[in-house]
Every structure is written in structure tokens, then in C-alpha cells.
Amino acid sequence: MMQTELIVLANEKIADQTIEMQLGLNSDNLGTEVQKFVPGQFLHVKVGEADTTMLRRPISIADVDGNGNITIIFKISGRGTDMLSKQTAGSRIDALLPCGTGYPVDNLNLDTALLIGGGIGVPPLYYLGKTLAARGTRIISILGFQKADHVFYKEKFAELGESIIVTDDGSYGEKGFVTDCLKEMDIDFDCFFSCGPTPMLQAVTNKLTGRHGYISVEQRMGCGIGACYACVVPAKSGTGFKKICKDGPVFAANEVSL
Amino acid sequence: MMQTELIVLANEKIADQTIEMQLGLNSDNLGTEVQKFVPGQFLHVKVGEADTTMLRRPISIADVDGNGNITIIFKISGRGTDMLSKQTAGSRIDALLPCGTGYPVDNLNLDTALLIGGGIGVPPLYYLGKTLAARGTRIISILGFQKADHVFYKEKFAELGESIIVTDDGSYGEKGFVTDCLKEMDIDFDCFFSCGPTPMLQAVTNKLTGRHGYISVEQRMGCGIGACYACVVPAKSGTGFKKICKDGPVFAANEVSL
Amino acid sequence: MISLETKLPGLDLKNPIMPASGCFGFGREFSELYDLNKLGAVVIKAATLNPRYGNQTPRVAETAAGMLNSIGLQNPGVETICSEELPFLSQFKTPVIANVAGSTIEEYVAVAKRLDESGLIQALELNISCPNVKEGGVQFGKDPVLAAEVTAQVKETVALPVYVKLSPNTADIVQMAKAVEAGGADGLSMINTLTGMQIDLSSKKPLLANQTGGLSGPAIKPVAIRMVYEVRQHSGLPIIGMGGISAAEDVLEFLIAGASAVAVGTANIHDPFACVNIIDRLPQLLEKYGFQNVEEAIGGGNRNEANVSRS
Amino acid sequence: MISLETKLPGLDLKNPIMPASGCFGFGREFSELYDLNKLGAVVIKAATLNPRYGNQTPRVAETAAGMLNSIGLQNPGVETICSEELPFLSQFKTPVIANVAGSTIEEYVAVAKRLDESGLIQALELNISCPNVKEGGVQFGKDPVLAAEVTAQVKETVALPVYVKLSPNTADIVQMAKAVEAGGADGLSMINTLTGMQIDLSSKKPLLANQTGGLSGPAIKPVAIRMVYEVRQHSGLPIIGMGGISAAEDVLEFLIAGASAVAVGTANIHDPFACVNIIDRLPQLLEKYGFQNVEEAIGGGNRNEANVSRS
């Protein structure tokens, strides 16, 4: 984990209030480091100074390309993401990276992976899907968005495999929640991977109890590196706890109590 | 007095850490209003948001041109003036204006005016000198600066009349303080006008006790409009007080206790 | 149409926004900028029995998301206020709340009485919390017994509703609130400033001539919200909330925490149109968060906690 | 060469900068970013007798120039801290100060004793000021008699120097300082956080699960400076100053106000290199303001006030 300045290479609006940002490294030496970043890990981004925005914002790694450039996708949902969205090509962004523990892709040997994402939980699943697909895993994705103009990366996920999109109001794809799809369809998969708001994760893990799977958990964070205890989640086994920013954000589905 | 947005027309460094900035009005209707601004009045400038810089910065009007454009000259001496110095052509600046009571130029009929300025107290004297000169008054100015690279507007003051420049270290003009010049020279004048740091004003008023004159007083300000009582100075006559931002910053030399 | 009306003892407010005492003088300067009829009420600068010059300058310093002031209750004295300032304000259809300070109970009572008799104000705000002058009532603000006593004596003398302005420089704000409630207060104003200091690195001394000053502005908002919320759980008195309000969102935070109206102080210094901008924005914001009117938002956060006791 | 060395009871510091308790865990994470030998000292997260899970999440909120936290003294318990965390820190040539919390005097004493016996720390910091757990010692921080008592009993039990960490949520910080001085404290740490709250407009409830949290960051610096300055006038105890430090200028402000060393809390969360950046910048800044070394700057603002009494 390191602190570095990333350089904004591109800033594009890809859906309502949703920005895709390409970030480059300020040193070539780091390129190979970035290649080792694991899907599910995140950047902890300083979006302003202490007087405007004291806390860093956690944003998932949505992709890493062959040059070590990083893609993030985020929704403008408050002051910090609004400030971040105004950073254009050439701006420098202070980030801690890579933060947290991602999906254990190296230890998995899967035929079929089911990705279940909701809203701003979708971005890390793209990097995950791409990584798994490159290893020959078949990818099925179910992605939920609020409505049509919130949808992004539909083509990109379609390229990875079968992809179903649902919207809360049916304005794009199926109407309903991702869990409705789980109910209706009889999908064959070895392992599921889910990222999205906590109520969605609860619904998904309830529906898929007993299945092998991983979830990525959200929480308000302080340090983002495991030092402040802001972001804990109770471990399912007894009285312990896990730090989302360090032990997570990815946990085995049966590891933590949501 | 009004609140308005001024548009930065030009931003030029004219001496060490010293910026000359041209500000235009965002509406043509105000042009004639600005022509009425009195030398010695100031702008109360919002240099950032409440979380970075809560208090506005008072900056004197250094000139007003025929189009109603305003010139300010300021020294970068802290966070606020540093932020202000970064505003380039096209930026908009929220200002209260005109603030305070200026030199009573309309009520004066002078043969010779002596302007005594120090450092960032020099700017308002330029607008004063220009206004008086236009009415046929002979202008003599004594301007003090720290050292050579702090000097600005020497040609402009020379155009107005006789102009003596002193620096603390003698690196430009005479070595010493403005009061040294007062001592050495036998200047004939009807009225003096002084603006600069409080110790200088004290020295000047001591030296020129009994002479007809005006001084412009500095103090840390809150509202800048007379509502908060941050900026008072004791009146010489007994127990009263004056608000620098409203009754001043210009006072008759014997009106207030420094 | 979202209604902004709210009622407090003695005050029928067209909207819950008023400038806080000390940041608005006696209204004259602001009346050059906008129509004071737009305001819910006006709270004037503290009045004392005799004119006060206040502290030495410098009196203000800028801090992170806030400021320090050590004005020291400068004011022309209650007599001049009644004869010269209040008549000016009475041209507006906006209730006036007079902030009262003193060094002794007798002074509080005398000032309150004079203001009451003037017939030109609608409520009193007892400032038992000015941190900037030793004899500025701050001892009343730290001691619940004294606080109750000064409240009771003023209440005995005047017919006007009495709001007591509490200091945040206390370990137990609820105790103070209950004390003045027992003393007969009609409402609470909270909070005044937190005592703070800034060191000037060049002179190696406190920047303010008075050494300490009162911290205000967004920096203190979390403390103010906490105190309003806590007091609301334990006292039935209506609260005029303040401390760091600079946007309509902040007003809503105070209303939900339990304030029935709010005062805006420091924000006026940063932006003299702060109050009117907030008033203009408030209806839209209430609507966004599902409130039909201001009354509905008040205490919105405490609904589930049920019993607001009157103990 | 400007010397940054400063001496406090039990602590020979190579520089006056240490991370504040709770913002640095037990140092492991930060040791991945820089060499902890650079620090003047390390203050570890609060230790209690048994492991504590702490409060529910969310536990942090952002405020104007600050943040609220309601961690609630989560820690693995003093036993695990001694066996697993302190040995890690002892590889560095940097003194370790252990922050001690408890619900009873007995718990404070037991935790302090265990830490003392470990031989792995250089000083204790009694946290009698955590606002985030009812049984977190906060009652000790509000009551001078209890504060003196817990200090005295810990002092009786341990050989290590004892610093007592004071809460700013009090009407009279000097009284608290004098009480713990009388109880035998070797030094003071000040300040802990101010109790605050944020309302989440969407849910219409306090954002933090614990409702209230501790306000820290630049927002509170003026309160901290004032308290350090006031206490310095009335107590001879050395002070570790903290509250809102994010730059070397802030450190100098604390030193001049009367602190002998400082702790940096929230700034580490904003920028994990905050402490080392400040340490790097400090010599140049001391020079700029005419100080030959850190010792000279301490209390620089109080020189004319003369007699720092020991009463």
C-alpha cells in the first residue's frame, strides 16, 4: 500500500451523475505494481483539503489496463464526489492504493462465476469479470440500476458473457431487483460475487445461503488503511470483527454479519 | 453600498508579492455609480468559501477609470490574498462596495496636498492624488517601501507631481522612513493625507500635530459594513468610538486615538 | 405551497430564520442591502444598562471554518437603543428580539424592564453566555442556580416572553436548560460561542487583544446540533437553534434536531445575504426531504424517542 | 542546526511530534508507509482490560474542517496489546505511550499495571475523556474529585510517568488540570474531542449509530489552544497539546501556547504522512520565527505573564 499522485487522463460522463475516470501513474516504475492490484481493491482518494473534505473517499478499481492505468467509475452523490468529478485531464489526485483485500481470484478455479452488482457496486465487478474471463471462467452478470439513464457498462459486461440488466422502474431491461432474477432463473454457477448497497447484499446472501460466494461490503471510512477502527463489521463467528478497509471490503459470504 | 460580482479583467505582478488587479462590473448600469466612489473607500472581498476563508478581505480602491473599472493593488500576505492573487482574467469576485467613508475630496479646496503612504497603504493614495490633481491641486508624495523590489507606481505618482520614495534599507531612493523625509524637508502644504501601517500613522500624526490632515486606519474586520463592531477605534473626544469600516477608514488626523 | 410559518412563545414568525445577536447590529446596515421584512425576526446586538466600549482591537480572527470574536458587548446602552435603534426597526413587520446582558441580576432586570417598557420589541433573549467579558454574564451561564435566579427575576419584572441563551462552555447543557426552565424561561437560544484562542506566530502572543474570543461558524455546528438534540430530549421549551448555520441544509438539521426556529450569525459576515438566501431556498429543501411545512420538520429526528419530558 | 529535541517526564523525544491515540492504531499500518523511527513518540489506541467491540457503524462523519468519530474504544484488550502489538512497536527506537481507558478505577489500575509490567512502554496516558462510551471514563473527566482519585490510584500502582488526558467538554479546564496535578499526574494531554452530532437529512436521524461522536480536526484547534494556554498559566505540569494540528504552523501555535510536545490525530486520516511532513517542516519554521530550538518556543507566548504557578 502506498500514497501516490495519480494523473487524470480522461474524465467522461457515462450515465446520469456517473463519471468514468482514467488515472495514470506519475512514475513508470509503478506500472508492474498496478498490474498486481486485485479486483475488489479500492483507492482511498483525497478529494480536497482538510477544511473542505476531511475524509478521503473510497472508490473501487473498475479496471486496470496493460500500461498500469486505472479506471474508476463513480457516482456524484455528495460534496466529495462532486469535487472529484471536476478533475479533468492533467489534474493530480492523491490516493492511497491499493487498499483492502480483493476477491481471491488467484485461489479460485471456476467454470462459471455469477456477478451480482447494484449501482455503484457494479464497477469493481467489471475488473473482476475481466480477470476471471481471461482465465477461462464463464461470466454471468446480473446488474441492477435505478433507471435507464443510470445504466453503464452494459456493452462491456455483454462482452464478458451473459449479462442481465434490471432497473427498479423497468425503464431499461427487466423491472425489479437483482434478487428477482435470482429467483426466476435457474442459473448454474460455482461461485457468486456481489457488490452493492447493504440491503442488496443482505437480500442476495439470504437468497443464496449456503452457496459459495463473496460479497464486497460498504461502510463509511476514516483512514482506509486499518488504523482507526471506523469501518468494522462483526464477524459471523462469535464476537470478533473485521476491518472492511483492510480485511475487506471483500469477504466470503458467510464470514460477516451484515 | 451593494454586493456585486466583479469580473477580473487583468492580473499583473507589479512588485515583489504585489498584484495589480483590474476589476470590471458585471452590469453597465453600475458604471456611473462607480464614478462616484470616493478615494479612501474600499472593497470588502470574499476570497473563498466559509470553510477556507470565513472573513472577507478589505482592499482599497486604487483607481477608477472612465468606464467604471476598478483597480486594486494588494500584497500577498496570507491565505486570503494568496487566493485572490490566483484569480485571473474572467474570474468573478464577490465584493461589497463601496465600503466606508473616504477622503472628503469634495469639501476640500487645496493648493498643495502632501500624500504620505507606506507599503500597502500606498494604493488608495493614488486614486486620491489623481482626483485632487484633476482639480488643480499640487501633489507632493512621500512613499515608503521596505526595499527596492517592493516599490510600485513610482512613475504614476511622478506623473501626479513631486514624488519622493524611501526604502527601509536604502535599496531604492532615500534610506529611512517617511517621517525622516518630513523632518528633513520643509514642505509647504495645506493638508496631508496618510495611509499605512499604524506605527507609521502614529509617527506621522505625531510629527504633524496640529496640521490639517487625514489618515486612513487599518484594522481586522468582520462584516465591513458597520454591523459587528469588530473594527472600532476610540474617538479622541472622550469615551466614544468610531467604526473604521463605516465612519472610516479615513478620519481627520485628530479625530481618533491610534 | 410549503409553509415556513412557525410559532414560538410571543413570536409568530413568517419563517424560522433570524439573524443572530451581534452579527447584525441593529439592522440599519443590512436594511440598505435588503428588505428586513423578509426575515422571520431580528435579534439585536446585546444591550447593557450603560454604554460599553467593549474590548481592545483586534477583535476578530479567522479560524478553520469559523472565526473568533471578542467584541465584548460593545453597545450604546439600553436607553439609546430604545430611543434611537428600536424605532428604526419598528418600521418593519418583523418581530424584534432584544438580547440582554449584564454584570449583575439587577442590571439584567433593569435592562429587561426598560426594553419591555419601550413597547418596541416582541421578546427578550437573556445572554447569560457571553464569553468575552468577565462581567458579561458568563458566570450566570456556568452556574445553574444563578441562571435560574436571573431568569426568575427577569420573568417577575417583564411581561414579554423570555428566551435564555445558553453557553456551550459547560459539561452539562441539559442541566443548564432544566435550570432556566425551572426559573420560568419561555424558550431557549442555543448555542453561544465556544471559548477559543489563536496565537499570532509573529508576535508570539494571542492574536486577539482580549486573548480569548468566542468561536463561531460551521466549525461549531456539530456541538450545537448535539446540544439542541440533547436538550430537546429533556426539556419541553422551544429552542432557537444556532451555531454554524450557513445554508438551508443546516437549518433543516437544526429543525430535525429539535429547534423551532434558528438564528444565523457568522454567515452574515461572510455573506450579508445569507439569511435571505436561506429563506429562499428552504421551501424547496423541505419538499425534497418530504416535509409539508416547517412545523413538521421540528424534532423530526426525535419522533421515535417519543416522550419529550417537561420535568 | 535547529534542535527538535524536547524532554518530558519519562520521555526523551527526538522531536515533539507524535500521532494521537486512536488515529494510528498500534502503528503497524503506518509502518508500511514510513519509518516509525522518525516520530517523537507513538501513542497507541486506548487499551481496556477486556477486548471491546465498540459502537455500531457508521462511526465517522465529516464536518466542516473536522470529523466526528464514535469508535467507542474498540481494542483487543490489554493482554493482547501486550503480547501482540507492543512487541511489534518495540523494534523502533521511538517511545511508546499507552492510552488507558476503563469503566472503574479498578479497571484503570489493572490496565495500567499490566502495561507497566510489560516493560514495553515509556509512559501512560489516562484517557478520562472518551465521550463515546458511557462507561469510557467520561465521568472521571467531568468530575475533578474522581479525576484526582483515578490518577492517584494509578500513580500508586505504576512506576511509569502518568499523563492524564483531559476532556474539553467542561466549563473549567483549569480546575480539572489542577485536580489531576494534585492527584500526582506527571503531565497532561489535551484535548480530547468535543461531543458533537450530525443529522442525516435523508433518514432524519443522527448519522452516527451512536448518535453523538467526538469532534476533532482543525475546527477545534482554537478551543484546544485556549485550554492549553489557560492551563499553562495555572499548572506547572508539562502538556502534550493536541486538537486540529495539521501543519507545522499549528505545532508552533501549541508550543507557544504552552505545550511541550504535541499529538497529531485527525490529520493522519486525511494524509497518512502528516506527522513526517510536519517533522520535516518544523526546523525551517522555528527558524523563520526566530527560535533556536523547540525548548525555546515552549510557552513563548506566556513569557511576559511570568509566574506559571504550581499551586
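Think of it as A, B, C and D in the order they're written, each chain with its own count starting at 1.
Here is the rule we go by: contacts are C-beta pairs under 8 Å (C-beta built on N, C-alpha and C of every residue); 3 or more make two chains touch, one makes a residue touch a chain.
Computed from a prediction, not measured in an experiment: that's the story for all the values here.
The chain with its Cα centre farthest from the Cα centre of chain C is A.
Counted by C-beta pairs in contact, the busier of A-B and A-D is A-D.
In terms of their C-alpha centroids, the spacing between chain C and chain D amounts to 33 Å.
Between the CA-based centres of chain B and chain D the separation comes to 46 Å, rounded to the whole angstrom. With centres set at the average Cα position, the gap from chain A to chain B is 57 Å. Distance between chain A and chain D, defined via averaged C-alpha coordinates, is recorded as 36 Å. Chain C has residues 63-66, 217-218 in contact with two or more other chains.
In chain B, the residues that touch at least two other chains are 50-51. Remark: chain B residues 1-3, 46, 50-51, 53-56, 80, 94, 96, 219-223, 225-234, 239, 241, 246 touch chain C in the complex. Across the complex, chain C is touched by residues 63-66, 68, 142, 169-172, 194-199, 201-202, 204-206, 211-213, 215, 217-223, 225-226, 229, 244, 249, 252-253, 256-257, 289, 300-301, 303 of chain D.
Residue ranges on chain D touching chain A, taken from their complex, read 22-25, 28-30, 32-33, 45, 51, 53-54, 57-67, 69, 71, 74, 217-218, 246, 266-273.
Those residues of chain B whose C-beta lies close enough to touch chain A in the complex are 49, 51-52.
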